[in-house]
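Labels run A, B, C and D following the written order; every chain starts at residue 1.
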């Protein structure tokens, strides 16, 4: 770390800082300017003397970290890209993987109809919420275990592996029994107990970005999971909160190439939650893939106006198939591929 | 709700919407303008036909909710202010209540020394984290159950009731055994399982605002707790995330009078986390009380530079005592009071 | 507009409001619910009784506008897309137009070298700042009129039309004498005097989005220009301010398809200012085109480390040529085209 | 500045950087760690080699500035507080100064009535907009020069000095002829030409914070003014843009003590624009003063529901008088004073 001293820091304050740093093994380099003293501290025990402790020392103006606070997720020490397997589907390879399905599992007919339709259109993984985090206690909270059972049924019927959200450490085991991939939602990105628990599983994890999480905080959340031994983590950008209200959230597509530089983990994009409007899902899906996304997760409902949650952002199965058809030449132009329907879609 | 139709909505789309609304009991009022049709829908079953479902109907441009989505926390149906009791301390009454203590419980000496000092200075409740939510898995995570034991010891030694954070449904019972008030931290404001569980307890709850939570989402989180039967909820503004990086967060003091208008629950302010800098804690504590806050929660550490977390935002006990002395004439000017040391503080 | 009355609005307050609305010609529709009264007001004189005036009336809780506040820029009344001509270049047609050049004009050699290189690579318009808005009075402020002269020289040498920023009503005429297109920068998006003045010109305008401007405010800024009679406006998304600091700004690509729905004006994207990092310019350029952008404006400098402003976000001419080569198959996949170098670029 | 090199920076890249730094006079200190090299560069010519140029050099990961980019506004070199005089009113002294008046000057009667009422209530300066920046070209744009004439009339009638906004370099002279203090609005905070022009005047300036301006950018805007020789600058916090929509803007009261630490300039607060709701103006006025504000600027209108702009945030004269009465004991508690009506206000 680099420590910038206050302009009026005393000699004693500077010396006190230096001896504290040396105590825990830091190499100390002093730059004495006319206006200020700057101290470089490298190689010491950062757990023994954290940045925050240094910032609280008298005479210190601020501390600038030099190395990223994460290790396991960093590409610096792991240059080759990680590939995550969900059933027989590979995320992080040449193929752009489409994950699709309803926001919430509502009943057997809705789910099976959607599962078959998205499979026919080219989806490689089925999504569907059994446990739903809802802002209001009066909103539909998901079918719970019954929803998990229906998802397993849909997997049997279609062969698609399933991804579904775990909300809670207590129901995690239940979810893990049925799911092929565990989703950690945006609201739980810093539910550290849950992160530790999915880290102890041997199932791939889809880690959504928190609504106001910086890229660094997001990577630290992934670090929690990897730190427990689970290396099968996929990051999912789903929009952040800004002042703009024309869309539900603000999709931060710069995060995709930025994450690919900082980390070896695959990155996918959720244009449905990011925008909250189905008409924007197609252009932003194309944009996400052009930015380098390894996959997309898209809400599809056979009848959006009947959906128990998030209808306005759901595509119909036909629109979803059209989207994958439009993606095909674009992925080809990017040197990648996408599974898509071969015939012409009815409009 | 009010439904604004698209400019090119067809007669059939409008009629379809109206019949859907009437089916579930809404009274429907149609305003036919030259440019657009607007439909007022009042009094129907909002669970049967949610705003989102209406938004997904063809021809609908947008839906404007008319009533707030929360009920139990609302002042509309509960005009008198709620008073929350923590041990024998009353939050929401005439007294401005100071809650103080270290960010994290570190060891017996640190905690007891701080507890006695903040009590002497005028604090009415002791705070201290046993389970700490930390962005990085490599940061100090708290003493856990041992921390709870030390808090109980500090209560015995000082008589101060204690508030401490519950991170997880599994350790909640442990926390509830020792604590006089359960804190739900900003990162868990939408951990709905945890909200439901503290809702089922008969202990007062300190509900911090999420980093990017709107006031409405925050009140809905409180609604989750009240919906389970626990009416002893105190709201705590602790800064939101904005583009400004000069302070750790942006303290939204307008939330204090706004919440007092919308809700009957008491509101306190955490200037330590809001700013991340101890020098700003005093002026913002004064400002919070002037804005109408019912209390303050402030980090105090006997030696901020040795703190295992959040040192730069901690006051020393002496500075905390000085703060309460400065608060005293201000609370008097506001027609309220605050407990404070009577003597002159050493500088 | 739709007016939601307070729950405790009196009969007199409601009647007062209704008579005010009728006075200025509104058709009034009353929805009387059990909890609240809602009033629809359509077709009246909005200038005579603005939303804000209604909101200030006693008994009114809030007012919801029904129609967009802009007219001339709206696609509702002008469904066909506008095409803007800069010299012989068409923005808003089938071709994706690349605008490129240095952030600031520094000297003749730098500008001519860059102009020739970007022309060879496929750029259709040359950009370069003569008047530079700089946060600090101590930063390089641009060459001013000398910069304009050099831009004109570069146009002569290359045949590329030029776009450059006008900062001020007083130097606008000077800029207009030399430029083929006037840029209004993000900081001036709500400099209404300047908007009016460029509205009175007959030169095309590149209107950048303000750092914290909503899409609606941005379209209203364009409305100012069109209202004075200038219909040649191109909108430029260049990133907005959010809490994320990993990139200079947060590029809001959802704005591109959203603007295409709301407005008939062409939309281009500036990935250089949006990210502040040249390594992110290529992936976000591809993403912008995939989202439907009609063009790109990109900073190119022959030697970014010598640039007097914004070096870290500038591409070298070679990297710019590589970018256009990568764009070519993507635009083809989108049914569009882009001018690009035919040969292989040296790496 | 401190320069953090990339982990894989080559020896040649490091040496190139060092020689560039030495060329322009920097003292260079090298810290060689196991993971990275850090270079401290102090005392050189920052105009000759800006931070941005260094960031663009190969091998550089990032550059951390050490000293603030502003000088004249900084308290570091000017520890005593500046006092600004508007007529015979002193801003930045012991008295908390109330500035009040209508958002826009509408007509003689409205202005004189308001001026007399706010004077009677304790206002020391009259505010009123003659030139109004409005998001929409269809909104009332102010009376222009006629508004200035009426303001001068109101000054004559009441003896209150007047502050009014200058929108444009061309009308600045007109404004300066009539006004006692020039307001630079939030939208013009980075209109650098206008800043330079008011810097050349010898009239005090009220510089509002931009909607998304950091504290550093705001101080740099003040630096522009002081750099031209005008030292009479008052900073005005008026709310920033965040995701929260319950209030018009988010009032950042932490900016008040932060500015008092960083700068010697007086700081006032505008609770009317910050909240957009008159009911919040009183509690936030009290809070602003408790946070250390040197004054308040408040919208007052004799009949808010008739106001041509910003009615919902205007106080009536009676409510304004009540506010100053409530402020009186609070300012006394803070060791300051405020002018206020001595009698009891009619409710």
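Just so we're on the same page, a residue touches a chain if its C-beta (ideal position, glycine included) is under 8 Å from a C-beta of that chain, and two chains touch if they have at least 3 such contacts.
Because the structure is predicted, anything quoted here is derived from the model rather than measured.
Of the two chain pairs examined here, C-D and B-C, the one linked by more C-beta pairs in contact is C-D. When chain centres are defined as mean Cα coordinates, A lies farthest from chain D.
Each chain gets one centre point, the mean of its Cα atoms, and the points for chain A and chain C are 30 Å apart. Distance between chain C and chain D, defined via averaged C-alpha coordinates, is recorded as 27 Å. Taking each chain's centre as the average of its CA atoms, chain B and chain C sit 39 Å apart. Among all residues of chain B, those that touch two or more other chains are 212, 241-243, 245. On the side of chain A, the complex with chain C involves touching residues 212, 214-216, 240-247, 250-258, 261, 274-275, 279-280, 283-284, 286-292, 329-330, 332-334. For chain A in complex with chain B, the residues that touch the partner chain are 46-47, 50, 52-53, 55-58, 69-70, 133-140, 167-170, 187-188, 190-193, 211-212, 217, 220, 223-224, 227, 241, 304-312, 314. For chain B in complex with chain C, the touching residues are 2, 4, 7, 27, 29-36, 38, 40, 42-43, 64, 66-67, 76, 212, 241-243, 245.
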